[in-house]
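What follows are several structures.
Paired with chain B in one complex and with chain C in the other, chain A is shared by the two complexes that follow.
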Partner chain A sequence: MTASATAGTLQSLAAREMRGGRLSTAGFLIGPATIFVTVGLLFPILFLFRYSLNDFKPGVLMIDAFTIKQYVLFFTDPYFTAAFYRTLRVAVVVTAICVVLAFPLAYVIARTQSRWKHLLIMLVVLPLFVGNAVRAAGWMTLFGNKGFLNVSLQWLGLIDEPLRIMFTETAVIVGILAVNLPYVVLTLQSVIEGIDRAVEEAAFSLGAGPMTMFRRVLLPLALPGFVAGGIFCFILTMNAYATPVLLGGPQFVMMGPLVYIQFAIKSNWPLGSAVAFILMAATLVLTAAANLVVQRRYRR
Partner chain B sequence: MARLELHHLSKHFGPTVAVSDVTLDIADGEFVVLLGPSGCGKTTTLRMIAGFVAPTAGRVRLGGREVTTLPPWKRNAGMVFQSYALFPHLSVAENVAFGLEMRKIAPAEIKPRVTEALRMVRLEGFAERLPRQLSGGQQQRVALARALAIRPDVLLLDEPLSNLDAKLRETVRVEIRELQRQLGITTVMVTHDQEEALIMADRLVVMSEGEVRQVGSQRDLYERPADRFVAGVVGRSNILPGKVVEPGRFETQGGIRIACAGGQAGPAVIALRPERLALGPAAQGLTNRLHGTVEFVSYLGANIDVHVRVSAADRVVVSQPNRADGRLPSEGDKVEVGWPAEAGVVFAEEAGRPQA
Partner chain C sequence: MTSHSIVDSRRLGRWALNGAAGAVLGFVLLPLFFVTWLAFFRQEIPSFPPDGYSLRWFASIWNNPKFFDGFLLSLQVAVTAMVVGLVIGVPAALCIARFRFVGREALNSLLLLPLVVPGIVLGTSIYVFHVEVTIWTELPILGSIAGLVAGHILIVIPWCVRLVTASLAGFDRSIEEAAQNLGATPVRTFFRVTLPTIRPGIVAAALFGFVVSFGNLEMTLFLVGAGRTTLPIAILQYLEWKIDPTIAAVSVLQIGLIAGAMIVTDRFVKLSRVV
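For the complex of A and B:
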C-alpha cells in the first residue's frame, strides 16, 4: 500500500468517525483479533480440509488428489467408528454429569455472603493449577493395579484381585470430569450472580417451593450459563487428549489421540486430516444443534 | 385478608441485634407502616413476616394460624420487593399468573383473574410485554398486581416507592392506598420516608435500633410522642436541653426558665413544635414569653421559618403560616416568642442512653 493510499484510508476512516460512525472504531479494535483468527485458525482448517481429500500410500505417504476415500474409510472401519461413538458418548455423559454437579456448587458460591467467598473460588480453580498430564499421572498412582488404593485394599484383605479402575471408560469420564468441572462451575456462577436474589424470593412468596422455583425461574434465567458451560465442557471433552491416553490406555482410543496417532505414528496425513476434520465438524454441528434446541425450548 | 400478630419477635445476626422484641397486633384490613432510620430493622421484620428470615425468638400468627416455622411458599403473604423482582423471562401476564398457577387454579380461571389484577393497576394493555419493556412505575404496578392476584392474607411492601421519581411517588402512594382500602387487605409497608408514612398509614410503628419506640396514629405520634426520638419522626421539634427543676418548671442550659406540663426533677429536654410557637403580638397573654433576636428567616412558601435566639445557648425555630397580611420579620429584629405551658413536651434524659 502506498503512503498516499494509507493517508487516504486514514482520512476516510476519520471522516466516517466524524459522521458519528462508531463502527470504524470497533473495526480498529476487533481488527487484530480477526487477523489472528483468520491466519491462525481459518487457514490451517482450510489446509486440513484440503489434505483430507488427498490420497495415501504406505511408503509414498501423501499423494495429491481429490478423493473422499479417507472419509469413506473412516466411516466404514469399525476401529474408527468405535472411536467416534466412544468420543461422543464420553462427551455427552461428561457434559451431563458436569452440568448437574456444577450447579449446586456454582449456586452456593454465587449466593454466599461469607467473607471466604474468594477462598471458595480459589478452591474450585485450584485443580487447574496442575496440568492434565500431571493430574492423570497422579490418578494412575492412585488407581492403578499397583496403585495406592488397590495395594491398601489388598493389604487389608478386602479384595484378592486388584480392582480394575484404570483403563476403563469410567476412569476416563471421571478424569475428564475433574478437569472440566471448574470451568463449568465458574461459568454458571457468574451467570447466577447476575440473577437478582429477590426474584427467587418472589417465586417463594407466590407459593413456589424450591423445586418449582428452580424449574420455573432459576433454570430459565441461568440457561445461558448452562448452555455456555455445557458447550465449554462438551468441546473440551470431544478434544480431550492427555486424560484419555493416560487413563484410558492404548485400547481406549478417542478422537483427539486418534488424530495424533494418524499424523505422528502412522504418518498418514490425509487420514489424520480427515479424522481431525470430522472431529471438528461433529463438535461444531452438535454444539450448534444443542444450542438451537435449548434456545427454542426456552424461547425468550 | 387476615389479622397479623407478632409476638416478641427478635432477630440476631451474630452479635448484631437487627430486631428486638417486637410485638404488634395488626387488624384485618389495617394499613400499618414501619417507619425508622436506615438499619433499624424494618426490612428484617417484614422478611420475618414473609418467612424469608427465621426469627431468633418470638412468633408470627397470620389469620389466627401459627406461621412462624412455615416456609414462605406456605404462608400466603404477597410481597412487593424494592427492586420489584419481576421474572424477567416472563411476560407481564405470565408474571401475574405465576402465583395462581402455583395455587393449581384452573387455567380457565387464571386468565380472568390476571386480567382483573392488571385492570386494578391500570395495565390492561401491557399483558404481553416483557418487564424490561416497561417503565419503572409500570414495573412497580406489575409487582403489585402479581402480589394482589394471589389474594394474599397480608400484603407486604418494602419501600415500594423508593425507585420512583418524586412526582410519580405522589400519585402511586395514593393509588396503593385506595386499592388497599378497596380490597380491605391487611398491609404492612416499610419506609424511611416520613411523609409517605403519614399519608398512607392507618397506624404507624416507629422503630429505632431494632426496637419499637411507639405505635399509634399520626395524631398520637404528633401530640403524644413517647420520646424525643419519636418527636423528631413526626413533624419537627425544637429540642432544648436542660433540666426539670421541679414538676412544672424547666430550666434550659442557657438558663431560661420555662413553665411546662409535669415532668420529674432531673436532666431532661423540652420539645417545642415550631408551629405551636407564637411570634410578636400573638405571643401576648401566653404563659411562656421570651424576648429574642431574629437570626435567620427562611421563606418556604406555605410557611415561613423564623429562627430566634432566645439566650446565648438557646435558639428556637418559629413556623409562621404565610398569610397575605403577614408581616415578615427580618434579621436583627427584636421579637417576643410565646407558647402555652402544655405545648412543651418534656422527656427525661436517661444518663446511659442519649435519645437521638
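For the complex of A and C:
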C-alpha cells in the first residue's frame, strides 16, 4: 500500500520534473527568436503608429502631438487619394490577370512527372530570386522608344510612331504581373498536386469535356489555391516598390513609393508613418474581406 | 462518334494548355532574356537592332565602385543574416514542430509575421524604432551596419521556421525514442537522428535566407545609412537615371550568382520538393 503510493508519488514527481525540463528546453529553443521578432518587429510597428499621430511643421519637422491630422490629410488631399486608388486599381487588375495566367503553368507543372518538372520549377523560381530591379531593367529594354517592342512593331509596319509604353500604367501592370506570377504559380501548383488525378479521369469518363471538367471539378477543388495565390498577389502588388518606380516613373506614384517619398525626400515622418500604416491596414482588411467572401460563397 | 470528339477535344485542350503554360513561362523569363541580351550590345544606347556585340561592359563594372561596394556589403549582410537567422530560427522551428504547449500557434504566427508585413512598412517601422532607441540610449544605432543586419535577420527567421518545420512534418518521433532506448544521449540522438532528417530543410532555409536578404530592397532603403549602398539599391538608383549595357552586365552577374547558388543547393536538396 505505502510502497505503491510512494511509487505513484515518485512517478508523478518524475513526470512533473520531466515536463518542467521539457518546458524549459522549449523556452530555451524558441526564446531567442521570439524575443528577436518581438523587439525587432512588434515594438517598431507600435512606434510607427505612435509617429503617425504626431504633428509636422515644415522647417521644424516632427512635433510631438496626439492628433489624427495626418490621416485626415491623407484622405482629403487629392494627391494622396489618387495614389491610393491608383494602387488599389493596379492591385485588382494585376490579381485578376495573374490568377488566370498562373493556372495553365501551375497545372502543367503539377501534372508533369518527368525530370522536366524539376527544370520547370527551377525556371519559375529563378526570376523570383533575381531582384525586381533587374527584371524591371529587362522590361525597360523592351519598352523604350527604340526598345525591342517598338522597333519590331515599326518593322512590321503596324505603327508609324513609337508607342509610349514606358511610364504608363500598362508598363507597371505588365512589370508587376511578371514579378508576381511565379508566386501564384507555385502556390497554385502545390494545391493542384494534392488533387487526385483520378477525379479528373472520372469526370472525363462520365463524358465531360475539358472545359466542363475544369469548371465543375478542378476549379472547386483548386479554389483554396486560387484564393491563396490571389491574396498573395494582391498583397505584393499593393506594396510594390521597384517596379512602379522604374516602369511608372516619377509621375506614377503608388503607395509604396509614396511612403519612401514622405520619409526620405520630404522628411515628413508623421505623414510617412500614417501612409505606411494606412497601406498595411488596407492590405490586411481587403485580404481578410476577400477571404471571407470566397469562403462564404463556396461553403454551400 | 461522341467519344471520338471528346478524345479530340481533350487532346486539343491539352495542346492549348501546354501552349498557354509555355507562353506564361516565356512571359516570366522575358525580362531576364532581354537584360542579358542588352549586356552584350556594342553601342551604349539600348536601341534595336544592336550595332554589334561586345564584352566591354562587363569590364566597365569595375570602374563603378558603387556596384562593387554594394555587392560586398550585400554579400556580408546576407551571409551574416543567414547564419544568425539559422542559429536562432532552426531551434525555434524544432520547438514548434516537436513540443505541444499553450500559445504554440500564436508563436508560430509571430515568427512568420516578418514574411507577411510588407517590406516598406518593415523598413519605416524599424527606422522609426531605431530613431527612438538612438535617442534613448545615445548609441549610434540609426543607419549602422548592426541595425541593417538586425533587420535582415528578421526577414531570414520566418524562412527558417517555415522550411524546417515543414521538413519535420512527417517525422516519426518513435525513431528518436528508439535511439534513446538504445542508450543514446539526447545530444547524440539529435546529431545522429534529428539533424539528418531536417538537413534538407536547413539547406533550403540557408538558400532562401541568403537570397531574401541579398535581394532585399524595400526595407534596406530605410536602414542602409548615409554613404552606404547594397547591390539592389545601387541597381535601382542607376536604373532611375538610365538603362544601358553596364547595368545590364551587372544584372547578368546577379542572375548568374543566383542561378549558381540554386544549382549548388540543388545538389543537396531537390528544390522542387521544398518550394
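Here is the rule we use: the second predicted complex is superposed on the first by the 246 of 300 C-alpha atoms of A that agree within 3 Å, B and C clash if a C-alpha of one lies under 4 Å from a C-alpha of the other, contacts with A are read in each partner's own complex, and residues count from 1 in each chain.
Definition applied: contacts are C-beta pairs under 8 Å (C-beta built on N, C-alpha and C of every residue); 3 or more make two chains touch, one makes a residue touch a chain.
On a predicted model such as this, the values are computed, not experimentally measured, just so you know.
**Student:** Is it chain B or chain C that touches the larger share of residues in chain A?
**Tutor:** Comparing touch counts on chain A for chain B and chain C gives C.
**Student:** When the two structures are overlaid on chain A, which partner does A:Gly131 contact: first (chain B), second (chain C), both, or neither?
**Tutor:** Second partner only, chain C.
**Student:** If we overlay the two complexes on their shared chain A, which of chain B and chain C does A:Val199 touch? Say first, second, both or neither.
**Tutor:** After superposing on A, A:Val199 lies in contact with chain B but is clear of chain C.
**Student:** Scan A:Arg215 for contacts with chain B and chain C and give back first, second, both or neither.
**Tutor:** Neither partner.
**Student:** Between chain B (first) and chain C (second), which does A:Ile30 come into contact with in this model arrangement: first, second, both, or neither?
**Tutor:** Second partner only, chain C.
**Student:** Determine, under the contact definition given at the top, whether A:Gly207 touches first (chain B), second (chain C), both, or neither.
**Tutor:** In the superposition, A:Gly207 contacts both chain B and chain C.
**Student:** Which residues would you name on chain A as touching chain B in one complex and chain C in the other?
**Tutor:** Overlap of chain B and chain C footprints on chain A: residues 204, 207, 209.
**Student:** Looking at the complex, which residues from chain B come into contact with chain A?
**Tutor:** 50-52, 71-79, 81-83, 85-90, 98-99, 102-103, 130, 146-147, 150
**Student:** Could you list, by residue number, the parts of chain A that touch chain B in their complex?
**Tutor:** Within the complex, chain A contacts chain B at residues 196, 198-199, 201-209, 212, 216-217, 220-221, 298, 300.
**Student:** Inside the complex, what are the residues of chain C that reach chain A?
**Tutor:** 2, 6, 9-10, 12-14, 17-18, 20-21, 24-25, 27-35, 37-38, 45-49, 88-89, 91-92, 94-96, 99, 101, 107, 110-111, 113-114, 116-122, 124-129, 131-132, 150-151, 153-154, 157, 161, 211, 215, 217-218, 221-222, 232, 235-236, 239-240, 243, 247-248, 251, 254-255, 258-259, 262, 266, 270-272, 275
**Student:** Okay, in this complex, where on chain A does chain C touch?
**Tutor:** Result: residues 22-23, 25-26, 28-30, 32-34, 36-38, 40-45, 47-48, 51, 101-102, 104-105, 107-109, 117-118, 120-127, 129-142, 144, 146-148, 151-152, 177-178, 181-182, 185-186, 204, 207, 209-211, 235, 238-239, 241-242, 245-246, 255-256, 259-260, 263-264, 269, 272-273, 276-277, 279-280, 283 of chain A touch chain C.
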